[in-house]
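The structure that follows is given in the form of structure tokens.
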Amino acid sequence: MSKIIQSSIARKVVMALSGIFLVLFLALHFTINFTSVVSPDTFNELSHFMGYNFIVQFIMQPILIAGVVIHFVMGFVLEIQNNRARGVKYVQYKGSANAPWVSRNMIISGAVILAFLGLHFYDFWIHEMAYKYIEANPEDPTRYYAETVEKFAPFWRTLLYVLSFGLLSLHLWHGFASSFQTMGVNNKYTPSIVNFTKIYAVAIPLGFAFIAIYHHFNPIIH
Amino acid sequence: MKIYLKIWRQKDASSKGKMVDYTVEGIEGDMSFLEMLDILNEELISQGEEPIEFDHDCREGICGTCSLQINGRPHGPDTRITACQLHMRSFKDGDTITIEPFRAKAFPVVKDLIIDRSAFDRIQQAGGYISVNTSGNTVDANAIPIEKDKADHSFNAATCIGCGACVAACKNASAMLFTSAKVSQFALLPQGRVEAADRVLNMVRQMDIEGFGNCTNTGACEVECPKGISLENIARMNREYLSASIKG
Amino acid sequence: MGILDSKVPKGPLAEKWTKHKNEINLVNPANKRNIDVIVVGTGLAGGSAAATLAELGYNVKTFCYQDSPRRAHSIAAQGGVNASKNYQGDGDSDYRLFYDTIKGGDYRSREANVYRLAEVSGNIIDQCVAQGVPFAREYGGLLDNRSFGGVLVSRTFYAKGQTGQQLLLGAYAAMNRQIHRGKIKSFTRHEMLDLVVIDGKARGIIARDLVTGEIERHSAHAVVIASGGYGNLFFLSTYCMGANVMAAWRTHRRGAFFANPCFTQIHPTCIPVSGEHQSKLTLMSESLRNDGRIWVPKKLEDAKAIREGKLKPTELAEEDRDYYLERRYPAFGNLVPRDVASRAAKERCDAGYGVNKTGEAVYLDFASAIKRYGTEKAYTSGIQDPDEDTVRRLGEEVIEAKYGNLFQMYEKIVDQNPYKTPMMIYPAVHYTMGGLWVDYNLMTTIPGCYSIGESNFSDHGANRLGASALMQGLADGYFVLPYTIGDYLSKDIRTGKIPTDSPEFDKAEKDVRDRLEKLMSGKGKHSVDYYHKKLGKIMWDKCGMSRNEKGLKEAMKEIAELRKDFWENVKVPGSADSKNQELEKAGRVADFLEIGELFAKDALDRNESCGGHFREEYQTPEGEALRDDKNYKYVAAWEYKGEPKDAKLHKEELVYENIELKTRSYK
């Protein structure tokens, strides 16, 4: 790790690779979540599979967590280094004149997403861990849908989720295409990559937000 | 026109600097920005004050000596020009203009608006050349045909004037555009391919040693570059660097 | 021969250089490590020389006042670099390049030097390509050429409009490689303030660190002056702001002869002065004259109305325009050489026909070219009977493709659209052919002190052809000096390191300190620029595009008076022991105030008109230059004797064995 951190380009590549990995994960996550709107049974089945499959739980989940940690830690390291590289600050700095807000403020969107992840982990992941490993409850392949919908009952949580998805959208808007540039891809396909990024950056967070709002307004009537 | 100025004054590298207010009158639109500063300086001298020191030389946008951050942007509000090509017609009577040196840890202030960009020289010294002796005993210039498209791209990268606007504009004070322009110029030519791997590794290492920030692909450098050097060069350098690293 | 021995080798012209290289002494590689060379200036000549000397094994120190060697003003050269490669198969040869250069220089340069220049020109291109200079190429992948003024072949290699930049970056890269190896020590933001001569030999320099103000001593076995030209003595020129004659002039004061100071090139197509505030002039490429027609109004009242903004040039009828170049020179028209075009513009403006508010501008009009190209384009695109707007649009497209970047540059500076209204141009100083006198080995009259590039006088005679400056700088630096300097240094292999604590260094440093102190002690109220502008005005009015005896005598007197006033009164704020741009300028202007007088004296001595030197007394009834080969076929080399007016003239007779002297005619 220390060797990698020594080269600026390698640091960027680490950011790009972990970023792309997380982008792919988002697509998967969204697909599974979306089934909760269409078919609660499918959602339960998939969730159960993910929750109890050995490969998912003990190989992919640690990789994912590592990806998240690397992306965030490296993000903060880069931010600190980049801040130091300026030295004396400008009295007047018109960043908006030459670069979009999203690209200049990845640290802000990133930090909000990190905070959101805290809440999200608290809501689902810690709950799951406790349910499975601490309380050692028996397997119940039908509980997931109800638990999920339940979470979105409070207005505040739905609102926080939706806001975070907004920031996620901004983060993806710059980050996704940017990772291609970092990996050295800048050619005739670049405009298509940028366009795809824009669609992806809007569609995925919008979809997540839709799911949250949908469940908020469609509680399970007991 | 009457112009209000806020200008960074700093006695020398070790002193603390501050912004100082000045006013100049009788400014015409046809004057260049630097000629406006000349007028201010003549006034300061006549009042027995020390004039404001700023770097400039060719005053036609090619030497890359100007290093003024004008109203928060390198080389001022216009694009594709250096500060010496900026004219006062871009401003209006009563405007306040803030002038600072390009800021980067790797570009320490020498005096007032003058900075030390020798970091750029050292990056070039680390490998920004093709290792041939200048004996003249090389092969004939037309012995190796070069695809026009590649030659043109190489030329476009080579037009970098080394002013440092890319660093000044970048929120991370990154020198990737500068370094990649030189890496690209040679990487695109058959003469430069021979030592391309060593070149990119050495130049990037030196760039990092100098303390420039990391590129986050905001694209500010490309927008502010007076010569319009493209971000494609950074992507090319990343490619070159990755393949050189993997080959070890 | 007298005191000036040009040391031109014997033998046939084409064999001189090879023979000379074979016969001169060499220094063995082990000994080169013990020899130090100082190079002052890091432009094309200095940069290429430093790199090559370091490659050979010498320990090189380079000095430049800029913050990086890459910023030297060679970078501003636009057009290209000549080489007799004959890639186009249009009959070019070393001889033809040699012939064109001698003729273009109006027969005032040394045959052997110019032939050598032509001979090594091809090597420059090979070398630069090997270094990765991205020259323009054709679709087949081979190098492209363009043609330039004054010649009948296409021999100019180019990199868009930035050839100088690309070549300089090539030399800078070669330097960087040697800096990295530790063979060059590069002193940036350093200015040479004096030459140190020990036992008659150049042994070092006194330099000032421009950041700390510290005065430093640097010793070496040889000193190479590559500090460029002195055109900035005109205040307004296309030179960079910092260009100066200090290194060359200090060398002159220490004993090097200064040759042909009055040979200055004034380029016809520059953007005119817009007002008192002007600090610098911008060149527009000579290529514009291929399609632009130069004119002024025929009637004085129209010119006045235009100056006052009451009349637009486009409103003036064809018959009220005076296309004076086409009128005077029907054969060459707008494509007469630079000196002729410049003088003609001045003549019209002096007569009151100038077209901008200062009265010093003429029109360069593309309207007829736009119309011609537009009609052609419409025809080839199959448009029958195109209307005026279509023709105009198509024509503008063609012009944009050819000159787009220049038009854009013009619009940025002048804020007028040159597609719609004619451009305004006026001549400006941009190159000095004169410089330190050097022999065939490029050594000045001080043993061990060399001068290369624009700072010497040798290759361009009284007028330089386009794209030849880059050629000369690189030829001197890469291929000539590194050989010839070895002949001299071969005698120094046992000398050992030159100590810097000798009485000569003490004395030189004291001189420098006294001078700085004096500059700082002025009691008056005027700044350096005040004096520089005054000097510039005297030079421009009396030693500019046309000169006469009365004006030159006045100029000498006025400059001497101005110099006296300057030394007593110039106001330099700040201190000498820190960064002080005013002090830097003051030192440079002080030297301009001396060379200006010598310039006028030289022009006064030369009772003929040749190349860039036009004496009103010596012209044909039609107003053309009248050269006097019988009496003035010599290089005027001036020896320093205190005041510039007391300088002593030494003549190097020019011998033309291979070329017949002819009168240039462009009628």
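General remarks:
We just call them A, B and C in the order they show up, numbering each chain from 1.
Note that in this section a residue touches a chain if its C-beta (ideal position, glycine included) is under 8 Å from a C-beta of that chain, and two chains touch if they have at least 3 such contacts.
Since the structure is predicted, the reported quantities are computational estimates derived from the model, not experimental observations.
Taking the mean of all protein C-alpha atoms as the reference point, the chain centroid lying nearest to it belongs to B. Taking the CA centroid of chain B as reference, the farthest chain centroid is that of A. Chain centres here are Cα means. That of chain A falls 37 Å from that of chain B. Here the spacing of chain B and chain C, counted between their Cα centres, is 26 Å. In terms of their C-alpha centroids, the spacing between chain A and chain C amounts to 62 Å. Across the complex, chain C meets chain B through its residues 48, 51-52, 55, 66-71, 73, 75-76, 85, 87, 120, 123-143, 159-160, 162, 165-166, 169, 172-174, 176-177, 179-180, 186, 188, 211, 238, 240-242, 274-275, 277-280, 282-283, 412-415, 478-479, 525, 527, 529, 571, 573-574, 578-579, 581-582. Of all residues in chain A, those touching chain B in their complex are 6-13, 78, 81-82, 84-95, 97-100, 103-104, 106, 174, 178, 181-187. By the touch criterion stated above, chain B contacts chain C in their complex at residues 11-12, 28-32, 34-35, 38-39, 42, 44-46, 48-51, 53, 55-60, 62-65, 81, 85, 87, 89, 110-111, 114, 116-118, 120-121, 124-136, 138-142, 144-148, 151-152, 154-155, 158-159, 161-162, 185-186, 189, 191-192. Every residue of chain B that touches chain A in the complex is listed here, in rising order: 6, 8, 17, 19, 69, 71-73, 77, 98, 100, 103-109, 169, 171-174, 176, 204-205, 207-208, 211-220, 223-224, 231-232, 234-242, 245.
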